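Structures are listed in the sections that come next.
First subunit A sits with subunit B, and in the next complex the same chain sits with subunit C.
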Partner chain A sequence: MNALRSTVKELLGSGAIDVFVGYEKGTRLPRPLLAASADEADKLIFDETCTGNLAVYLTRKDLVGGKKAGVAASWYAMRSICRLLDENQLQEGAVKVFGLTPEGDLKPFDTLADLKQHVQETPPPPKPVEDEWVREIDAMPAAERWKFWTGELSKCFKCYACRAACPMCYCTKCIVEVNRPQWLQPWAATMSNVEWQLNRVMHMAGRCADCGACGAACPLGLPVHIIAHKMAKLVAQSFGEPTDKGSVLSTFNPNDEENFIL
Partner chain B sequence: MEQKYIPKSSLKAWLAKVKDGGKQIYAPVTEGGKTSFRRVKSVDDISMEHVQTAQSAKGVAFPRTEKLFSYAMQPGGVALQDYDSANIPHTVVFGLHPCDAAAFKPLSGIFGWDTGDKPFGERMQRVTLVSLSCSKCDELCFCTSVDGSPGSAVGSDILLTAVGSEGYLVEIVTDRGRALTEPHAALFEAAPDVNKEELLAHVPVRFSVGAVERSLAGAFESDVWKQQSARCLGCGACAFVCPACACFDIQENPKGSASGDRIRCWDSCGFSLFTLHTSGHNPRSVQSQRWRQRLLHKFSYMPRRLSVRGCTGCGRCSRACPVDMNLWEHLSELENLKN
Partner chain C sequence: MSAEFEPKILAFVCNWCTYAGADLTGTSRIKYASNVKIIRFPCTGRIDFMLLLKAFAGGSDGVIVSGCHPNDCHYTSGNFHARRRWMLFRGLLDFLGIDVRRIRFSWVSAAEGAKWAEVVNQTVADVRALGPYSEYQKAAEFVAGNEDVLLKEQEVAQ
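Moving on, here comes the complex of A and B:
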């Protein structure tokens, strides 16, 4: 903890960064803290309980636009940062990433190339709970699966916490807010909620870091991250693991299988 | 206020009779570890053990999505079908806590201001609130900081308070409450001699709301809004779970080009789109301005214009927030603000 605080103070003091996106103690779980002064840096914490994906703040122009930011990153946040770089949403030199070693020590990444290499070489932290959800839902007959998802999504009231918490949802105008033409019904109702989640997840195809922030953010506890988790698996299975050469829906490969077309 | 007692064994019998009498029961139901208000099929489904439901009971009078009217183009004009109140069910909201019952006052303040809102008014006329005092709370509750109490009867038609594990003290607050108990008088007994205060949860007072409101009077340009809102993600979770938030959007649901419905649905001042003008200008272009609006609306504008505060201390916003925007903590900070 002290290593992090002194490092951040040093970086802030030298002007190497303007703000550090980290965690502080929260009411129940650690919560985000954007530290821009030594006083604030003294509140920083970083350990295995810090799981929220802070990459979501790195595209917020009102907070970090034109600034150099440091960020405390979980493995999944690192993957988000790599994808944001690939999509030209972050600039090399504007973000300094810190992770944790398995022993819990601070691990700075000197360059984003180092970060990418680390993400590629380190297997993702396992997701046994999510994998079990997918297994159970896949095992359902189609009618039962439909009943399950319409039942869950009927409860959604469209607060868009799933969207707000997602680092890859950085559009300034979301598809659900476009009204000429109106692609999606913006009010909460079972079918319009299903449409919204399908759209959200389709836009994530091959881009989603599978961090689970969408599901963790849902105030009603709806398992929307399971749709993203399934999507990530399907994309990897059908098109291979995402690369930095564009996502599956923004690229075309004549060798792509077309077995997903019904 | 009239007081009675109902044994636990008679409570469900009473509710079942109320239900059989033609009223719907809207009450907390626990399913998959989550407790939410819904129209219950059987009174046996009702949960009374939770601290707080994820959502408030406001949907009974202000549904998340509601048809306001329908239209159909006709030769020479448009046929309008006005809001239809005929199908609104008479509903007993059961098991809501005093913070939720109290929140119907700010909602009524907003929907009753100037021209009364017909859908809200029609629904409220058909609602009876049977509340349950809190015998437990959590670290995010702060009703006692905003003039409420875990045993307050304000806003309720009937208030129940658990006396041990065998029954409830019944306080009959309004005529509407009396109309629900009198036909079933045989199920009720004489009120026991108990000190109600001793039956309630202890909810610590977190701040002086008077000091907060005085502080807010000069805080519009303060840096505190930027500091507090830095981590806010700009979703609508806080507003949607809030029992007193009343912002809505109006949408069109066209059915082809010749007819359709006009729809009202929940909206939030935390959304970037909320104040976006057609010109492209947004008077609240960043989250700090939207956070300021949220707090000033509840603790400054509403008290001044409607004589009612827009917060009853239920703590739902803090529980729902993905980034722990703990409301009483933020308000405590404002109490000590040096303008």
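Moving on, here comes the complex of A and C:
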């Protein structure tokens, strides 16, 4: 913790970074803190409880736009950052990434190549709870799945916290704000809520880091991250793990295997 | 008039293969079920997944999506992209409990007039057996058909 604070102060002091996106102590879980001065840097913490995906702030023009940023990244945030770099949403050199070693020590990444190598070589933290959800829902008959999801999503009041929390949802004009044509009814209603989640997850297909930030952000605690988790599984099953050679839906392989097209 | 349920089927087809194939079915005088309405697209790659959902919400009981065989795309790779999209979308719909048996995907070339008739007849028979897709339409009409109920809910007691 002290290592992080002193490193951040040093980087801020030397002008190597303008702002550090990190965590401070929260009521229950650590909360995000954008530290731009030595005083603020003194509030920073970074340990294994810091699991929120801070990559989402790196593309926010109002907070980080045009500045050189440092970021404290969990494994899933690192995967998001790699993806954002691949999609040209971040510039190499404009972002300095810090992770944690298994022992809890600070681990700085000097280059993008280092970060990518680390993400590829380190297995993702297991998600037993999410896996169990998917297993249970898959085991239901279709009618019961429909009842479950329409029941859950009928509660959604379209606050779009799931969108705001997602590092990959960086479009400045989202499909839900487009009204020519109006694909999604803007009010909260069961079907348009379902359609919104389908859109969200389809647009994230193969790009999603599967960090679960969408579900954690939901003020109603709806299991929307389970849909994203299922999509990550579908992508891996159908096309293998996503690579940095284009996104899954904007590339293709003539030998893609399906079993349902006549 | 028989009392049998007549499903409404919407077909999203590509201009270069299936649309021409369906034309061939007609010029070959092959009879097939008249439940299907065909919508022509430049390419299967153009068929947005939202269109399928809108078809169900608008009252369709079944959907056919059809285009050129792999390697035959007029635009070289539109159907390959579409295939990837359908693979993920179909799995996702199934996970949410939407009835994927009501969506028929097929490749029908401009020379396969007989195959088009077969695809349509088979889809109509299958969807007829499944019955109307009222679960989906009911959810879609949450507001459209329930204004009175919702207004009552919003009333403030005097």
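In this text, the second predicted complex is superposed on the first by the 257 of 262 C-alpha atoms of A that agree within 3 Å, B and C clash if a C-alpha of one lies under 4 Å from a C-alpha of the other, contacts with A are read in each partner's own complex, and residues count from 1 in each chain.
Keep this in mind: a contact is a pair of C-beta atoms (placed from the backbone, for glycine too) under 8 Å apart; a residue touches a chain by one contact, two chains touch by 3 or more.
For clarity, every value in this text was computed on a predicted model and none was experimentally measured.
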{"item": "Residue contacts on subunit A - larger count, subunit B or subunit C", "value": "C"}
{"item": "Subunit B versus subunit C as contact partner of A:K245, first or second or both or neither", "value": "neither"}
{"item": "Which of subunit B and subunit C A:D256 touches, first, second, both or neither", "value": "second"}
{"item": "Subunit B versus subunit C as contact partner of A:R180, first or second or both or neither", "value": "neither"}
{"item": "Contacts of A:L34 with subunit B and subunit C, given as first, second, both or neither", "value": "first"}
{"item": "Subunit B versus subunit C as contact partner of A:V194, first or second or both or neither", "value": "second"}
{"item": "Which of subunit B and subunit C A:K147 touches, first, second, both or neither", "value": "second"}
{"item": "Set intersection of subunit A contacts, subunit C complex versus subunit B complex", "value": "185, 187, 189"}
{"item": "Interface residues, subunit A side, partner subunit B - complex", "value": "26-29, 31-34, 52, 56-57, 62-63, 155, 157-161, 163-165, 172, 177, 185-189, 213, 216-217, 219-221"}
{"item": "Residues of subunit C that touch subunit A when the two form their complex", "value": "49-50, 53-54, 57, 70-71, 77, 80-81, 83-100, 104-107, 119, 135-136, 139-143"}
{"item": "Complex contacts: residues of subunit A adjacent to subunit C", "value": "137-138, 140, 142-150, 154, 183, 185, 187, 189-191, 194-195, 197-199, 201-202, 205, 227, 230-231, 234-235, 238-239, 248-250, 252-254, 256, 258, 260-262"}
{"item": "For the subunit B and subunit A complex, residues of the former touching the latter", "value": "33-34, 36, 54-55, 64-65, 139-140, 230-231, 233-237, 239-241, 249, 251, 253, 263, 265-266, 268, 271-273, 285-288, 318-324, 326, 329"}
